[in-house]
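The block underneath contains the structure these notes are about, expressed in C-alpha cells.
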Amino acid sequence: MNKIFWLPAKNNKDYIWRYEGNPLLRREEIEGYQHVCNSAFVFENGVYHAVFRMEDKGACPHLMTGTSKDGIHFKIGKNIDFRLKNGKKFEYYYASDPRYVKIGNAYYLVFCADKNGANPSIYIAETKDFNNFTVLPTGFLPYNRNGVLFPEKINGEYVMLSRPSDEGDTPFGDIYISFSKDLVYWGKHQLLIKRFDTKYNFWERIKIGPGPSPIKTKEGWLVIYHGVNGTCNGWVYSLSVALLDLKDPTKVLYKAKQYLLTPEEIYERVGFVNNVIFPTAAITDKDGHITIYYGSADTYVGVAFTTVDKLLEFVKKHN
Amino acid sequence: MNKIFWLPAKNNKDYIWRYEGNPLLRREEIEGYQHVCNSAFVFENGVYHAVFRMEDKGACPHLMTGTSKDGIHFKIGKNIDFRLKNGKKFEYYYASDPRYVKIGNAYYLVFCADKNGANPSIYIAETKDFNNFTVLPTGFLPYNRNGVLFPEKINGEYVMLSRPSDEGDTPFGDIYISFSKDLVYWGKHQLLIKRFDTKYNFWERIKIGPGPSPIKTKEGWLVIYHGVNGTCNGWVYSLSVALLDLKDPTKVLYKAKQYLLTPEEIYERVGFVNNVIFPTAAITDKDGHITIYYGSADTYVGVAFTTVDKLLEFVKKHN
Amino acid sequence: MNKIFWLPAKNNKDYIWRYEGNPLLRREEIEGYQHVCNSAFVFENGVYHAVFRMEDKGACPHLMTGTSKDGIHFKIGKNIDFRLKNGKKFEYYYASDPRYVKIGNAYYLVFCADKNGANPSIYIAETKDFNNFTVLPTGFLPYNRNGVLFPEKINGEYVMLSRPSDEGDTPFGDIYISFSKDLVYWGKHQLLIKRFDTKYNFWERIKIGPGPSPIKTKEGWLVIYHGVNGTCNGWVYSLSVALLDLKDPTKVLYKAKQYLLTPEEIYERVGFVNNVIFPTAAITDKDGHITIYYGSADTYVGVAFTTVDKLLEFVKKHN
Amino acid sequence: MNKIFWLPAKNNKDYIWRYEGNPLLRREEIEGYQHVCNSAFVFENGVYHAVFRMEDKGACPHLMTGTSKDGIHFKIGKNIDFRLKNGKKFEYYYASDPRYVKIGNAYYLVFCADKNGANPSIYIAETKDFNNFTVLPTGFLPYNRNGVLFPEKINGEYVMLSRPSDEGDTPFGDIYISFSKDLVYWGKHQLLIKRFDTKYNFWERIKIGPGPSPIKTKEGWLVIYHGVNGTCNGWVYSLSVALLDLKDPTKVLYKAKQYLLTPEEIYERVGFVNNVIFPTAAITDKDGHITIYYGSADTYVGVAFTTVDKLLEFVKKHN
Amino acid sequence: MNKIFWLPAKNNKDYIWRYEGNPLLRREEIEGYQHVCNSAFVFENGVYHAVFRMEDKGACPHLMTGTSKDGIHFKIGKNIDFRLKNGKKFEYYYASDPRYVKIGNAYYLVFCADKNGANPSIYIAETKDFNNFTVLPTGFLPYNRNGVLFPEKINGEYVMLSRPSDEGDTPFGDIYISFSKDLVYWGKHQLLIKRFDTKYNFWERIKIGPGPSPIKTKEGWLVIYHGVNGTCNGWVYSLSVALLDLKDPTKVLYKAKQYLLTPEEIYERVGFVNNVIFPTAAITDKDGHITIYYGSADTYVGVAFTTVDKLLEFVKKHN
Amino acid sequence: MNKIFWLPAKNNKDYIWRYEGNPLLRREEIEGYQHVCNSAFVFENGVYHAVFRMEDKGACPHLMTGTSKDGIHFKIGKNIDFRLKNGKKFEYYYASDPRYVKIGNAYYLVFCADKNGANPSIYIAETKDFNNFTVLPTGFLPYNRNGVLFPEKINGEYVMLSRPSDEGDTPFGDIYISFSKDLVYWGKHQLLIKRFDTKYNFWERIKIGPGPSPIKTKEGWLVIYHGVNGTCNGWVYSLSVALLDLKDPTKVLYKAKQYLLTPEEIYERVGFVNNVIFPTAAITDKDGHITIYYGSADTYVGVAFTTVDKLLEFVKKHN
C-alpha cells in the first residue's frame, strides 16, 4: 500500500495544521458546476476514491465520483447513478454531504437525500467498485442530514452517529447513536453528545454534528465533529473532537470544550456560506497520521493534518 | 362483551356528531392537576381503560391510568410507573399524547417522552394488566411526538405511523410509515401522507399527524388524523380521514381534502390552547359504531360519534 | 323603495350600537360550508343582495350570492361563476372579502382573488342582475387584498381605496387612493391615510385598511375602515372612521384617533380568528341611517347601527 | 379601621379562591374608556383608594384614581396629573401597571411610563392625599415595566423588585432586587428569582415578574408574582408565590415550583389578551386575610382571596 | 456612432465573462459618498450617460448623473433635481436602483423612491438632455422596487416589468408584466415569470426581479434578471436570462433553470452586502455585443461581457 | 511624558485616517486564544496599559492585561483576577468590551459581565496598578453591555453613558446618561441620544452605543460612538461623533447625521463577525491628537487617527 498524502507540522506545538495548497478543488476545474465542497474520501490500494458534493448552477447538490493518486489532484467522474436492490433507479432531487466507510470488504457511502421527494434523511449505499452504488431501504426517518457509520460492527451491530434536524437550516442539534443488525432496521437510539449551550461554550451553542467516520484507536473511537456558533451576522462552523469507549461507544470518555480548528483563512471565511469548516473525511494510516478533508465555506475542499496522538492529547486536555 | 358508549346522530346527514355531555373530564375532578386532554382509551371486557395526559400545575404533562364502566365517568388512578425490561425505572421529565392498541394478547401504549433528558421521541410500552408498563428500547430518533401503532402485524411486520418534528411547536409535518419485526429496530420508513400546502387546502397547510390507531375495515385501514391551519392569531387543529390499502398500507387509497370536524364549541375554541381538536382514540364495535375521544383546547376531553360506513363515505366523497 | 333594516340606539349617547340578534349567519344554515364572514351587501328595490365570503371545509374562501327581504334572514345562492369579457371562465383558487358598489346603473363587486394562481390582488366584477358577473382586466398588481370603489366618478375618474400588502398575514399597511378613466388602467396612486404607529395610538399600529364603499355626505366622504393592534397573543381588529373632501378625495379632512367599535362580544372575541371586527358594507338610507355589516372573528356576520350625523360628530370630535 | 373586603373559602382545601362577582369593573362603567385591568389598590381608614390602568379607545393606557367603600364598587376619578418636584408636568405618553405601597406616612405609586418619550421604565410617585402625585427623579434605566417597592426600609434602605425587559413584548425576564437610600439613586442590584426554564416547569418558562408589594409575615416576605408559559397560540400568565428572608430579602427561602392560580374562567381566558392573570395588589389585614386584585385578560379586574397561612403552606409544600 | 466598450472572451466556451478591471467605480473617486453600486447606463452619440446609485455616509441612496467616453472612467455630476410636470420639486427621501431606456426620442429613467414619504414604489422620469428629469404621476402602488420599461411600445402600449415587494428586505417576489397607453395609468397586470421554489432550483428560491431593460432580438425579448438564494448566513444574488415572445411579451418562450453568473470575485463576495450581483444595464450594439453593468456587493459597479447569440444559446440550452 | 502613538493624515481633507499597520494584534501572537478585539487602552507615564477582550477557543470572551511602549506591539499579561471589596473572587463566566478611564488618581475599568450567572450588565472595577482590580457593587441592572464613564465628576457626580439592551444580539438601543455620587448607587437616568430610525439615516437605524470615554474639549464633551445598520445579510457597525455640553452633559450640542468611519478594509469586512468597527478607546494628547483603538470584525484591533479639531469640525458640519 502506498503512503497517504500527509505533511508534518511546522510548529511542533500545533494540534492541527492546514495544507498550504488549500483549497484543493476550485470551481474552474469541473465544467458545468459551481462549487465542490463537503465530500467523501477513502484511500484504497494507493488510490484515492472520492464522492464529491458538487453544486450545479441551479444551486442543487449532486454526488459525483472522483479519483486521485496523490490526494490532491482529482479526476472527476460522473454523477452517480444510484440503484435500489431491485435494480430500479433511486429517485431523488438532491443528494449531499457524503461520507465513506469500509466495513468488511464493502464500502458504504452514507449521505443525505430526498428520496421520491420525501423530506431529507440519511441513506446508505453499498459499493464494491466505487462506480456502482446500491441504496439500502431507508433506515432513518427525516429530518436527518448528517449520518456517519462506524468502520466495523460493535457487539454484532452496525453503529451510526447522526443529528436529527428540521426542515430548514435547523437552529438546534445534538449527536445521537443508533444500532442495527442488518443496516436496514435501526433502533436503540440514544443521545450521545449534547451540545454545550452554556455561558462559556458559545462555539457549539447552536448545534453539533458528526464529521468523518470515527477513527479506531487504542484508547477509544475518535469522533471528529463540527460545532456551530451564532452571531448577529450568521453562523460559524468549527471542528473539534470527542473520544468514545471502544467496546461501548455509548460511553463518551472525553469531549473537548473548545474547538480545534475554526475559520481563519480567506477560503474558509468567504464563499457561498461564510465561516464554514465542515469535516467529512479523515484518512488515517497505521502510523497514526491523519489527513482531514473538510468543506470550506460551502465552496471549496480544504485539507488539514494531524495525528492520532495529537487528537488524543487535545481531547483529554480540553475535556 | 358489553356495548360501547355510542349514541346515534340526530341528523342522518351528519358524518360525525358530538356528545352533548362534552367535555367529559373537567379540571375539578382530578385533584392536584389542572388539565386532562389528549388521552388513550381502550374498551376490554366491558371496562374502559384510559391513560390520561394530565398537566400538573407546573404545566408539565404526565400519564395517569383511569377506568370507567360507561366511557363517560372515569375513576382516575395514579401516575404510571414505567419500567424498562431490566426492571429499572424509565427516567423522563414529561410524557404526553398516549395512544393504546391491542396486538395479540398484549396492549401497547405509544407515547411521547424525553427519556433521560434526551429530546422528545416516541416510546412503546407494553402492558397486560393496564397497571404495569414495560418500555421497550427506543425505536425512534427525536424529534417525534405523534406515534400510532397498527392493531396487527401486516406481512409479518409491526407498522407505525408517526410525524417527525422539531424542537419546539414545529411549523411543518407529514405522516410517515415505518416497519419493524420486533418493535425495537425500525426501518423501511416512507412518506405516507403529505400535507396539502396548496392554495385551496388551507386547513392542513401547517402540518398533519396521525390520531387514533387505524381502524380495520373491509375496504382498508381507516386513519383518523389531525391537520393544522395557521392564522394571524394562532393555529387551528381539525380532524379528518384517510384510507390505506389493507394488505399494503403504504398505499393511500383515499385522503379527504377537507376536514370532518373543526373547533366550534366553546370548549374547543377556548382553553389553554385555543382551537384544538386532537383525536387520540377511536373505540369501534363490530357493528361499525365509532366513538372518538379527542383532546379539546389542550384542556378537556371531548367525544364524537360516527360509523365506519360514514367515514368511508366521507373519505371517498371528498378525496 | 322599502325601508332598510335599521334600529335606533337604546342609549342616545352611543355613536354606534350592535344588533342584538348578532351574529346573523351561523354555520348551520349553509350546508357544506363552515364559516360565513366578511361579505358584501346592497339594498335595491326592497331586496338585499349579498355576496358571502364562505369558507369551505378545506378552509378555502369562496364567493356565493344570497338574497333577503329583511336584511337578517338570507337565502344562500350558489358559488358565483365569474366570467371574463370574452366569456371564458375566470380561473382562481380562492376569492374573499367582497364589497359591493353601485355606479350608474351597474353594480360592481370588488374582491380579492388569485387569478390563474398569481399572487392575491384586487379584481372588479360587473353585474346587473346579481347573478352574472363579468371580471374586468386586472387593474392592480399583487399583493393587495382590500379594495373599495367609490360609488361615483369624481372629476371624471373612478376612484379606488386599497391597501398594498405582502404574501402572508402582512404586519404593515396603509390606505392608498388610485384613479382610473375606465376601471382597467389605474394610476395617480397616492398615500391617503397612514396608520398611526406612535406611542399613543396603539389601536391601529400594525395596519389599517378600507372597509365599506365610502358614504357620500354633505360634509365629505365617510370612510369606515379597520385598524389592527398587536398583542403578545395576537392581533385585534377594530373599526373607525375618516372623512375625505367631497371634490378632492385625496384630502383627508378628519381621521379619528380612536376606534369606534372594538371586539367585546363573545362572537367577536372567539372564533376561527379571535378578536376581529372587519366592516365590509354600510347600507345607508336617505335619512342618514347606516347599517354596518361586518365580519366577526372570521366566523360570523355581525350588524351594527349608526347614523351619518353620529359618524360625522365622532370623526370631528376625535380627530 | 373597617374590615377589608374578604370572603372565606367554600372548600377548606383550597389555597386560593375567586370572588364570584368577578370581574369587578366592566367596560360600561367608565365612559370614554374601553378596558380597566392591572390596577393599584390600598385600604386606608375604611376607604379603598385605587389607581386604575384604563385603556382609552386608542388602546393607550392611562392612570386614573378611584375610591370605594366596599372594595367592589368604585367611583372613578380622573386622569392623574403627575408633577415633578419642581411643579412642572411629568410628560409622558402612556402609563401602566401601577402598584401602591405605604412607607411611613406617605404612599408611593410605582408604575411604568415613557417619560419624555424615552423608552419605558419604572417611576415612583409620592402622594399623601391620593390626589396629588409627585414623581421622583428616574431611578431605573429602561427597559423595565414591573416595579414593586417593599412596604418598609430594610437595613436602612428602600428595596425594589423589578424585571428588566426589552422594547416589545419581551420573551424573557427574571426578578431582580435593588436598593436605595433615597429612592433616587439605586444600586447593589442582584438577581433574586430566576425563572425555571427546565423540562418540568413550563408554566413560567418565558418570564416571571413581581406582582403586589411584598407582604410581611413572621416567616418572611411573601412575594406574589406572575409566570408566563408559551404555547403555539400565545402566552399564558399564571400566579404563584415565593418567600424571602425578613432581614435579608436577597435570600429566597422558598419558591413554588407550580402556579397557584391560572386562567380558567371565561373573563380570564377571553379578552383583549387571552389567558392572563396579572396580580397587582394584595390587601392584607391583621388576621392574615388577603384579597388579591389582578388584571384579567388585559380587560378586567378580578379578585381572589387567600390567607397568609395558606400562602406559606403552599410555598413550602411546592418548593 | 462610436463603438461601445466591449471585450471578447478569452475562452470561447464561456457564455459570459467579467471585465478584468472590475470593479469600475470605487469609493475614493466620489467625495462625500461611500458606495456606488446599482446604476443606470446608456450609450448615445459616443457618450455614456449614467445615473449612479450613490450611498451617502448616512447610508441613504441618491441618484447622481455621470458621463464617460469609454464606459470605464466616469465623471460624476450632481444629485438629480427631479421635477414634477408642474415644475415643483419631486419630494422624496431616498431614490435607488435606476434603469435607463430610450423610447422614441426621449430617455426614461425608471427608479424606486419614497415620494412624499409614501412607501417605496416605482417612478418614471423623462429626460431629453440627461440633466433635467420630469417625474410622471405615480403609476405603481407600493411596494415595488424593481421596475424596467421595454424600449418600445408593443401593440400600442408601453410595457413594464416589475416585482411587487413588501416593506422590508422582502423574502419573496416574482416578475409581473404591466401595460399602459400613456405611462400614467397602468393595467392588465399579469404574472410573467414565477420563481422556482422547487427542490432542484434553489438559486432563485427566495425571489427574482427584472434587471436591465429587455433587449430586442430576432428571436424575442431577452430579459436579464436576478435570482436570490438563501443560506444560513444570508442571501446570494445571481444573474440569469429569459426570452419573451416579440409580439406578445406575456409569453415566456424560454427561462433558464440555472444562473449564468454568480458571485465569485472578492468584490462580489465581500462588501456592504455580501454575495450580490445585481444587473441594471445592458449596452448592446448592432453586432450583438452586450456589456452588462451590475451592482456588486451593494458597494461597487462591475462589468461583464456577452453577446446576443451567447445568451440565446444559454437560455435555450438550460430551459 | 512621552508622546503618544499618532501619525498625521496623508490627505489634509480627511477627518479620520487608518493606521497602515492594521490590524494590530493577530491571533498567532497570543497562545491559546483565537481573537483579540474590543479592548481598553490608556497611556500613563510613557506606557500603554491595555485590557484585551480575548476570545478563547470555546468562543468565550475574557479580559487580559497587556502593556506596550509604542502603542503597537503589546506584551500580553494574564487573565485578570477580579476581586470584590471583601477580597472574595468576582465570579463570572464571561467578561467583554472593557473601557478604561482615569478619575482622580485611580483608573476605572468599565466592562460587561454576567456576575454569578446573572444576566449581562455593566461592572466597574478600580485599579491603581493595572494589575489588581476591585469590582464595585453592581450599579446597573441587566441588560446592559456598553458602559462608559466620564473622566471626571461633573457637578459633584460621576457620569455614565450606557445602552440598555436585551438578552441576545439586541435589535434596538439608544444612549442613556446616568449619575452617581459614589459609583455604587445610580439615578437620574435620562435618554441622551436616540438613534435616527428615519428614512434618510439608515446607518444607525438598528442601534447606537457609546464608544471610548468622552474627550473633554473646550467646546464640550466629544462622544465617539458606534451606530448599526441592518442589511439582508447582516449588520454593519460604523463610527461617528456627538458633542455634549461641558457643564451639563445631558445637553447634546451636536450629533452627526452621518458616520465618520465605516468598514472598508478586508480586516473590517471579513472575520468572526463581518463588517464591524467598534471603537473602545481614544488616546488624546494635549495637542489634540487622537488615536482611536477599535475592535474590527470581532476579530482584530484596528487603529485610526484624528484630532480634536477634526472631530469638532465634522460633528458641526454634519449635525
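In this document, chain identifiers A, B, C, D, E and F correspond to the written order of the chains, with residue numbering beginning at 1 in each.
As a convention for this text, a contact is a pair of C-beta atoms (placed from the backbone, for glycine too) under 8 Å apart; a residue touches a chain by one contact, two chains touch by 3 or more.
Quick caveat: nothing in here was measured; it's all calculated off a predicted structure.
The chains in contact with chain B and with chain C alike are D.
Common partners of chain D and chain E, by the touch rule above, are C, F.
Matched by residue number, over half of the contacts between the chains of B-C recur in the interface of A-F, chosen from D-F, A-F or C-E.
Computed centre separation for the pair chain B/chain F is 58 angstrom, with centres defined by C-alpha atoms. Centre-to-centre spacing of chain A and chain B amounts to 38 Å, using the average Cα coordinate of each chain.
Across the assembly, chain F contributes 117, 233-234, 270, 274-275 as residues in contact with two or more other chains.
Pairwise, the chains that make contact are A-B, A-E, A-F, B-C, B-D, C-D, C-E, D-F, E-F.
Note for the complex: chain A touches chain F at residues 196, 198-203, 229, 231-234, 236, 257-260, 262, 264, 266, 269-270, 274-275, 318.
Within the complex formed with chain F, the chain E residues making contact are 27, 34, 56-60, 93-94, 114, 117, 169, 233-235, 270-275, 298. Against chain D, the residues of chain F that register as touching in their complex are 116-119, 121, 137-144, 162, 164-167, 170, 172, 174, 176, 178-181, 184-191.
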